[in-house]
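All chains are identified by letter, namely A, B, C, D, E and F, in their written order; residue positions are counted from 1 within each chain.
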Amino acid sequence: MTALFLRDLRLSIRAGGGALIGILFFLTVVAVIPFGVGPDLALLSRIGPAIVWIGALLAALLGLDRLFQAERDDGSLDLMLMQETPLVLTVFIKCAAHWTATSLPLVIASPLLGLFMNMNETAIGATMLTLFVGSPAITFIGAVGAAVAIALPRGGLLVSVLILPLTIPVLIFGVSASYAAVVGPAPFLPPFLILIALTLFFAVIGPAAAALALRNTAD
Amino acid sequence: MTALFLRDLRLSIRAGGGALIGILFFLTVVAVIPFGVGPDLALLSRIGPAIVWIGALLAALLGLDRLFQAERDDGSLDLMLMQETPLVLTVFIKCAAHWTATSLPLVIASPLLGLFMNMNETAIGATMLTLFVGSPAITFIGAVGAAVAIALPRGGLLVSVLILPLTIPVLIFGVSASYAAVVGPAPFLPPFLILIALTLFFAVIGPAAAALALRNTAD
Amino acid sequence: MSSYAFYVYGSYGFAAVVTIAVTLWTWTDGRARQKELAALEAAGIRRRSARPKDEE
Amino acid sequence: MHLTAENLAARRGEDLIFVNVSFHLQPGEALILTGKNGSGKSTLLRVIAGLLRPEKGSVTASDSVSAGRRPAAEASHYLGHRNAMKTELTVAENLDFWRSFLEPRKAAGLSTEEAAEAVGLPGITHLPFGYLSAGQQRRFAFAKLLVAYRPVWLLDEPTAALDTSADRLFTELIEAHRRKGGIVVAATHQPLGLEGTRELKMTGFAGVDQGVWG
Amino acid sequence: MHLTAENLAARRGEDLIFVNVSFHLQPGEALILTGKNGSGKSTLLRVIAGLLRPEKGSVTASDSVSAGRRPAAEASHYLGHRNAMKTELTVAENLDFWRSFLEPRKAAGLSTEEAAEAVGLPGITHLPFGYLSAGQQRRFAFAKLLVAYRPVWLLDEPTAALDTSADRLFTELIEAHRRKGGIVVAATHQPLGLEGTRELKMTGFAGVDQGVWG
Amino acid sequence: MSETSLAISKFSDLANPTRFLALASRIIPWLAGITALCFIIGLYLSFSTEGDYQQGETVRIMYVHVPAAWLSMMCYTIMSISAIGTLVWRHPLADVSAKAAAPLGAAFTLLALVTGSLWGKPMWGTWWVWDARLTSVFILFLMYLGLIALNRAMDEPSKAARVTAILILVGFVNIPIIKFSVDWWNTLHQSASVLRLDGPAIDPEFLHPLLIMAIAFTLLFFTLHLMAMRNEIWRRRIASQRRMAARMASREE
């Protein structure tokens, strides 16, 4: 299984440039918002965590639809389906590799963006922490969409449509935990714990549903 | 050439619903935003044009990288390269089809989103107009990236580094033209004209560069 | 009713339009399918189970 | 290893492709699937590999006639039309990955270099897979079967794109596998030159099934 | 139509694959490329098709020996390892597209249904290309050559994945093309059964070229 | 193995399409009749009762809005149950049920959204706010549309049904979010006053027309659902017979 993890990581580093696309898209989003909001620094720092979260969410969508499609196209998926190792585990590892290659860099880059958005240290720390904890959930949800996408002639947008609504709870609790850490009065811990719970929940549900979809779309 | 345009259009529509999916995707993105930034209508209407533009950028990017990759993978690209018809034209048509299938529906749907974001009529009109004029530039820039991506088997990184920064001027002038139309004091016309100039510029440069890259990929 | 009439009648009106549209659509769809089935029947294509025994 | 298919039927789209296919393969036996294009050879192989759900029937593998049965997929290697190798990675990386993925406990498989030698292409495993010619790619796809041991080999036109020397090489590799008690099911249009094989001729299209809707 | 190659040399990666390949093909002639896997058959075909830049030399096509020469690519059909068909579209849509793309003026090509009949698969052009078996896909990829007329056919293992009846069919189609004055260059591992062909045996690896650095 | 297949065959015997069609054609007229009756009573009641002292005449919007909102959620629940039927028992009628319910669900959700907006303008002074309840219903609407599109995007019905079923089930997380959004986030929207554990906290004056209208809408849903299922079965039967005919024609040549 480590072999799979390493291979996927290597593939995204070598061919995809996934991480960089994500980060650049992330930067683009963050660069454009101030033009919308105007130079109002207070406002910027207020909506900062939300923008960072939305950027991360959208960036994660880029390339996610090819997660299984590429494996299908070259026949690797067939071999993976035949194994004794539970398919759920394979999917889980692939998600983990994808997260490491695309979302983890975003998490690491987020303090930089926080500085752009004029956020203070607590806010930056809180955003980074919530992003770190919450972003895997997005990948796991996306995996379901990616698995469904291989049954479609062209996945792309439709998959994102189906997936985005499911990520909303993650977004809500991620953002509200970040806010709670900064402005209060609501405590930070409850939404943060819910966020962890969501990630754990989707870490189970996502790969299971994706595995189910992969089994049912094979032809 | 109409044949190519129609085929590409048909391919994107085969995903089911085609244009509708694009709109649905856009709607979903926009519906997700308030969950992040909160239900503050004044704020929403302020960041509205920026959100609409970011949504359009995302929709254009999703799937753009496969523009030529898919043709290469199944061998169609070889046949296209062999033709007497100038390759630039072929690339241009492919871009046009991609724009028609993914960005045009967004342009048409943008007033609806404007309503959701509580934007006023001027803002909606301005956003729609700038989107209509500016979004082709994104596609043309993306085409260069898509072509370079297949030229360099491991060039994924380079593509994103090249492409996304190039789209930022388009985004910035698009968004600032929209704002100029609404809040002033800056006039609407200068950024709008620059936007038109950008689109025309990239409509020439993009396909030419992409064709050049494609010629040099072949292996 | 007065000033709110628009909203009240508007919602009832919209509800009527939507429900009637959906009902009509379902119904016409059904009629079209039945016609197609009848046409197939007329063309001599019948269901296995509906075929007379001696044909089998 | 015994491979048993009972009463298999499979459907592609709405058509039944074959019905009532049964066979029992003893250790060392080979079954060659022949038939016209579109007659269902690949379909049958995919059913055996567990990649397509059969409409009826089942395929099982067991260590001996009496032993417990398990799905054939887990005991099988499948070499399909597509090579299941990543063009961006080198041959060695590809093979290493499949070795550890297919056989986490590192048991009976050859090393990457040995496998490359066995398919007649030593010394180029450092090249990216995408840089190879069609026949070289096919050979390394075959090398995948050697780096991890599986008793059953399911081969879909293994010799497509191969030159004659490679044809012979493959035949020998398959024969060696059979001598060790392995089972081979292969779909092919050209005689593989194997000895003592059984043949199953696919005919394609076994009728439209009205299914539950009729 | 005459096809002339002069002093061709090509490089793959850093290695020279062949040097000094010259030939001249008259109308109706066929050139068969043979050689081991990786010997450069596909490379030569891609050079002729203009898809790879030759290291040295040139390939040209001309209507008569004296007439103006033009790049061979524009006068050629290329059937590579990949089929150049979209799996999402139906066969008819694919063929119609290639017809109007390759021959905007709608001249000498067959209609889609005629082409399907010529490759022995009439009546299934309404199916999505992805639903076909490997051999059926290959046949329709060949049908592409029939829907638009090009005097030169460059075929890379045209008969891979084909059954014997389709093999014969293809041979006849190629012969018919030659009788009409067409030229065929084909790379293959199996004898195609064509008559009066010339053969070019590729040997692969013509030396590492020191290039400008040497 | 043999036991389960026996059970499945019995189960499908109970509800095979042909029997379903016979049953449906017997039930549908009755159901339609009762639905019409309920609507007549409900509409009469909803226009004859008193207005609310606070909300005035606009309270009458409740009698359409609330049933539509309930149905939008119930419809999704029915689709989820069908999805389980598809995945666990692979029952063809479950495929048909989920497919037939999606457009109806979309219609009722649209109804809830529009009537809600029409109620919101006089009550809150705006057509639309991005509060949790409203947005989650909007998301439900988008999900219905997405699922319809997804099902259409694949042309093999049984595969389409299985794939869609998985997403239906995953998307079910939205339903509790809609239901409890008013409790989890303080929003403009009313919190539950009918469907609560400690009994309805609403004046019987409004409760009666509301309940009758709810029953009417539910019956309407079931009538339409049965009809749509019947249509879908016919559609598949036609497709299968056409294919049969095409095959037979090509055989005779």
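FYI, contacts are C-beta pairs under 8 Å (C-beta built on N, C-alpha and C of every residue); 3 or more make two chains touch, one makes a residue touch a chain.
Everything numeric in this text was worked out from a predicted model, so none of it was measured.
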item	value
Fewest touching-chain hops separating chain B from chain C	2
Rotation angle (°) superposing Cα atoms of chain A on chain B, nearest 5	175
Distance between the centres, which are taken as Cα means, of chain E and chain C, whole angstrom	54
Centroid distance [mean C-alpha coordinates] between chain E and chain B, Å	37
Interchain centroid distance [CA atoms averaged], chain A/chain F, Å	32
Residues of chain E whose C-beta touches two or more other chains	81, 87-88
Overlap residues in chain B, where contacts from two or more other chains coincide	11, 14-17, 21, 24, 28, 31, 35, 38, 73, 153-154
In chain F, residues with contacts to at least two other chains	139, 142, 146, 149-150, 153-154, 237, 241, 244
Of all residues in chain B, those that touch chain A in their complex	11-12, 14-17, 21-22, 24-25, 28-29, 31-33, 35-38, 43, 46-51, 53-54, 57-59, 61-63, 65, 73, 102, 153-161, 164-165, 167-168, 171-172, 175-176, 179
Chain F-facing residues of chain D, complex	13-14, 208, 210-214
Residue ranges of chain F in contact with chain B within the complex	126, 128-131, 135, 138-139, 142, 145-146, 149-150, 152-154
Interfacial residue positions of chain D with respect to chain E in the complex	12-13, 35-39, 41-42, 81, 131-136, 139, 157, 160-166, 189-190
Complex interface listing, chain B residues touching chain E	1-4, 6-7, 10-11, 14, 73-76, 78-85, 218-219
